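Heads up, the next two complexes both have subunit A, just with different partners, subunit B and then subunit C.
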Partner chain A sequence: MKWLMIATKDVKHAFSSVFSLVMSLGAPLLITGLLFFAFGSMDEGQGGVNFTPVDVLVVNLDTGAEHLEGFRAGEMLDSFLMGEDLEEVMKFTAGVSEQDARRGVESGEADLAVIIPENFTSAALTPGESASVVIYQDPALTVMPGILESLLQHFMDGFSGAKIAAGVTEQQFDARGFSADQELLRRVSQEYAGWLESSSHEREGQGGGPLVLEPSGEQQGGEGAVSGMIGPTMAGMTVFFLFFMAANSSQTIIKEDEEGTLARLFTTPTPRAVILVGKFLGVFLILIVQAVLLLASSRFLFGISWGNPGSVILTAAGNVLLAAGFGILLMSLIRSTRQTGPVLGGVLTVTGMLGGLFTTGIPDLPEFLDQARLIVPQGWAMQAWEVSLAGADPAAAAAGFLKMAALGAVMFAAGAVIFNRRFA
Partner chain B sequence: MRILTLAVKDWKQIFRDWKTGLFLIVMPMIFTVFFGVVLGGAFSSAGEGDPRLPVAVIQRDPGSGLTDGLEASPAVRPVVLEVDQLEDLQDGVERGEYAAGLVVPEGYQEGLVESHPVRLTIVVKPGSPPGQTAQTALETAANRYRGAVQAARLSAEAYQAGPGFEDQADRKAYLREGIDRALTAWDDPPLTTASQLAVGMADLDSQDGELDGFVQASSGMIVQFAIFGLINSAMVLVLERKNRTLGRLLTTPISRGEVIGGHLLAMFSVVLLQITILVLFGQFVFGVDYLRDPLAVLVMTFSLAFWSASLGMLISAVSEGEDQVVTLSLIAMFVFASLGGAWFPLEVAGETFSRIGHLTPTAWAIDGFQNIILRGQGMESIFLPVLILLGSGAVFFGLSVWRFRVE
Partner chain C sequence: MMSADLAVEVKGLSKSFQDVKAVKSADFQIQKGDIFSLLGPNGAGKSTTISMLSCLLEPTAGEAWVMGHSIRDQAPEVRKSIGVVPQEVALYPDLSARENLTFWGRMYGLRGVELSSRADEVLEVIGLTDRQGDAVETYSGGMKRRVNIGVALMHRPELIIMDEPTVGIDPQSRRHILDNVKALNQQGMTVLYTTHYMEEAEELSDHIAVMDRGEVIAYGTHDELVKIVGELDRIDLQISIPEAGMLEEWKAVQGVHQVSAENGTITLLVEDSNQVLPDLFRSASAGGARISSVDIQEPNLEAVFLHLTGRALRD
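Entry: the complex of A and B
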């Protein structure tokens, strides 16, 4: 039972240190919590994304069409933007002049400016004429200009479509040797506008109209967008800090060797193998406690659904075995505690990066990163957590467990042999 | 002079350890490269090959030209899958391989022509920004396609009411031709948008004026590692206190103020050197245009270094051991870096987070750097960031002097 006493002592020591507590539990929960706080608003409403609202100046330079009783498409666009229920995303304000609007964006008073050109109405109605609405933007913005552009395009496509319908009619009549008069073309445009309006109402009434929106995957059993992002983020942090704690806990063998306590232990009647087994078991126990606390607290704090309980147990067990094997092997290769800083900081960070632990919430990753992650054990653990988070049953999760356990066992065996030789 | 002597001693102590170079310089460089590459895909249209978002398409209606219409989209590029690859499409969207998926059902075009529309299916990952962009692009393309069919129908109705068709085949041919003409017209619609960047004097040739991955990563990692780098510097003071060197030092003619000043100077100069190297790295390796206003960047660098060194002094003043230095430095780094927008632009976070983020000096530091390198502004644009950095640095320094103890 001496091995158990040694292991228990290491566990107690690990969890009575503020540093270990912060690095095993505090840091992963703090990082995930900060991201949860940053993107938590995604869950508001019905899964829609809620960004920091931006200020938009709208300058309408449109002179309208005199021949159509002063009809001004620019005013319609202006009213459309001001009337849109977008306060949580964009706050529209009428600008005085183009120059002032541009200056407003440059000075940071506004984030974006919309400049409706003089010939907007004319381009909307006159064949062959075109116009561009200018979006003047703060270059530091990443998402909002695209949203604004979609909004403007949505409005302008109505005019463009009506004009295209009249143009197609005119071309087809011409191609067959007939002439379409202006009255006919105006009627075609009006009918197109009428169709567009009725299909908009139809869309509002039918919830999607001509489109069906389907979410991909099971997405945390249908929970909100943030849960879909926070789950993998927390999984990444869990894997990183399990590996960190595994290496940090294994470091106690070297530390005790340097401080001479290990040598004193070797002078007792306890066989060396038992002492080393106790030290190794301590690493496993520390990781088990850490994994349980992280999974439970993240479930409680962020509502993360880790998946089928059987799958979660298998994945967590595999992750613990893999991390412990990796930590013991890594520490068996270093000579003194002076080397542990760069190894803990450098090696674990770089392998964690390659394993995709820090990029779980980032969309559209380069393909090579996705392929490279299985080079490192952290990538295997991350992949297993993704399977569990997707709601896989234990049979599906067992494959991940077996891979992690096998790899962990190989690394553990190698590390144990090296340590054994060192203290032989 | 004593201040300088003490600072030089700290310098020697810090730089004698090769690990200093690893944590101060090599790691932030690795992080900048990594996040620059990673964020390049998320926040920028810059990149090799086709920069448009990939969208998986299952085309069950061979007659529909919707996929051809998507080829012309500026936002998405269609990747056509086989009709039986629905599961691959869903998996691909879930894994992020595709920004979205589109299933064009059988008889889609015929349904539109005959006024019995069949619904398209768009598959997106909830909460994914590229997914939202792709969804909007697909909706625009689908609406334009429906508009093209409607334009052809209206043209056919007008023709039927006028000259009239010879037979049903003639009507169908007319409709088909009308759809083609309308789709061609949609390639160059009469009303469009044009984006212009408010880049002031920024060098458009060097970085296209966009917030590309390296602009975000470079300024973000400079700020993050200015805090992380404090570990080594703060450790020197804590070790001096722990082994009572600090107490012995005060038995010499050196004053308490000179001791504090010497350590602050050492920390300040270490961070200053670190930021300078990282600025030059960003400039010459990734073309982040720091040198378009060297004086403004220098002022920002000094201000950030002072703020960071003051924080380091405070950490070393309140820490009782090495573990506490590491722990407090890491916590400060996580909190200040994430809230300040070092990991992602605050614009994409929620409003509350963004507002709280701007209570941190790090958010202002990133704003200051971006005002120069991205917005093309000058000294006047960094006045507030500098004031906030120096002010909060002074508060940290005041607190550290108050808490400073020799044992």
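Entry: the complex of A and C
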């Protein structure tokens, strides 16, 4: 069992080194954590960036339009702003007059004020008419005025349909040699406004407002939304750092050669094959410990669902075999530890990029990249993790495992032969 | 067949690295219970020779037997019977002294209580019982050297091979190591010791092989080796008047074999410096000369090396 003693020593050494701990566990969790906190939240599963809500005074001066009895666009805007959708970022209060709103902002009672003009409804639905919604703001604010302006613009874009409908009607009449009278055009606008109002109520009834504020994190799709972005990101980091640790752990063979302990081991009555097997086993054990800790801690910290347990075990095992084989082969080609810096930093980064480990969160990448990444082993591992994350059953994950295990075995055999020749 | 009282027998042992002949047909024997030194300057082939004897390198030609086992055909048996102390400290720096001893002991097949008690004994021998739990990386250079030796003692080898174990350490640690070597030898262990320090070889060795440029150029006990240059003492003198006048006077003194002068120094080869020196002083005084310095050298390995190679040992 001398091989086990050699392996155990290497595992102990790896996990008592601050560098190894940072690179095997700290870095992948930290990088994923930064993304998680940027785009998600741990606060009761709620998504979104946490802002302190700002106070907004809304003064609705809209008096409606004669030809659109009962319909007031200002009220729609008012009810949208007062709705629950925005309460996490803005607290809206009704104001009485424009002067009242200005004073409120200047005195600091409110951060922002929105003035809906008298002819808002008429301008929103009648071609040729215009009106301005005014925003007053505390000059110290930077982000919220921009958000409010975008919301208002988004809201008012909904009314452009009414104008377009009336404009199209007028053009069609003109094209056929008729003249559309103003009464007809008002009726078209009225019909559109009626539809817009009723459809907005329907959407409200379904839990949504007339304008939709892009939600984020779990509000959009529950747990799956977080995992949808963070899961692949963590998978990419797991693959990258498993390959890194594999190369780093295999490096101990060269390091022991340089420090004389390998030669000293060769003077003991321990066969060289046993010594090398012990060194290789150490690499596997280190990666197994790293993979288990990464999967478990990312599940606990980020709520990542890695998939069916059987699939996860197969994928992790395949990834460990592949990374170990790659690391041992890579290090067998290196002559001294002085060369390992560029190899660890350069080769692993480039192959990691080719394998798509750093572009997991980018949507709509060209399809050919999905195939191109398979030119490096990291791409195989990433593909297998995507299958597992998608909830594939173990039978589906087994294909990925077999591919990774076979490729890993080939690379391991090549590396072992090179090392054996070198030290024979 | 190797004689039973021999620990090592080397016959025509050679090693070449491509075009470089590192060891050229070395021949020597080491008696069981001896301290045997391989003495020579850096690059003489000492480390290559012991690498072959420890089965780390395969010889290009020749054969050697260690404790009756061929280094070519019985490497596992050879490895069991030897303990190797490499020139550079070869330990795991993040492990403690005890953990290092235990790990290496296991590599030699020790287990359980035997392993633990042997580690205690070796820690006592190397004087590190008090600091056995500290990581080796926190030790001084001398302490690391002592652990380096301790590792080779764990399995009680019949032969311990030490490759320049005192290079680059402080005098106190050096003394500790030399005393340890003597103590181990007194316990019956055969020691093969390589060094380029003539004083160490003289102090420790029962037999010495002098190596230079891959060849064993002299082999024997200390006394046998110095006889190569004869048994004459060498006296270097400086006097206050031109030396020419004194040369003939001193040639006539009984016991003086040779007188020569170079760069203001007169060199005499004499049978016994204690008997000759008073006559030299009397003769100088009678001639009106005053001797300002005297340097006496008894025959030593330095002189042997100089005599055989024309170069100083530390070149």
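Operating definition for what follows: the second predicted complex is superposed on the first by the 258 of 424 C-alpha atoms of A that agree within 3 Å, B and C clash if a C-alpha of one lies under 4 Å from a C-alpha of the other, contacts with A are read in each partner's own complex, and residues count from 1 in each chain.
Just so it is clear, a contact is a pair of C-beta atoms (placed from the backbone, for glycine too) under 8 Å apart; a residue touches a chain by one contact, two chains touch by 3 or more.
All values reported here derive from a predicted model rather than from experimental measurement.
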Which of subunit B and subunit C A:L265 touches, first, second, both or neither: second
Touched partner set for A:Q383, first subunit B, second subunit C, both or neither: neither
Which superposed partner A:T93 touches (first subunit B, second subunit C, both, neither): neither
Touching partner for A:L30 - first (subunit B), second (subunit C), both, neither: first
Contacts of A:T63 with subunit B and subunit C, given as first, second, both or neither: neither
Touching partner for A:T349 - first (subunit B), second (subunit C), both, neither: first
Dominant contact partner of subunit A by residue count, subunit C or subunit B: B
First, second, both or neither for A:S297, with subunit B first and subunit C second: neither
First (subunit B), second (subunit C), both or neither touched by A:K2: second
Residues of subunit A at both interfaces, subunit B in one complex, subunit C in the other: 17
Footprint of subunit B on subunit A - complex, ascending: 17-19, 22-23, 26-27, 30-31, 34-35, 37-42, 47, 49-54, 88, 102, 105-106, 108, 120, 123-124, 129-146, 149-150, 152-154, 156-157, 159-161, 163-165, 167-169, 171-173, 175-176, 178, 180, 184, 187-188, 191-192, 195-196, 199, 208-217, 219, 224-226, 228-229, 341-342, 345-346, 349-350, 353, 359, 362-366, 369-370, 390
In the complex with subunit C, residue positions of subunit A that touch it: 2, 5, 9, 13, 16-17, 259-261, 263-271
Of subunit C, residues touching subunit A in the complex: 54-56, 76, 79-80, 82, 84, 86, 88-92, 94-95, 103-104, 106-109, 151
Of all residues in subunit B, those that touch subunit A in their complex: 19, 22-23, 26-27, 30, 34, 37-43, 53, 90-91, 93-96, 99, 101, 117, 119-133, 135-136, 139-140, 142-144, 146-148, 150-152, 154-155, 158-159, 162-163, 174, 177-178, 181-182, 185-186, 188-200, 202, 209-211, 323-324, 326-327, 330-331, 334-335, 338-339, 344-354, 370, 374-375, 377, 381
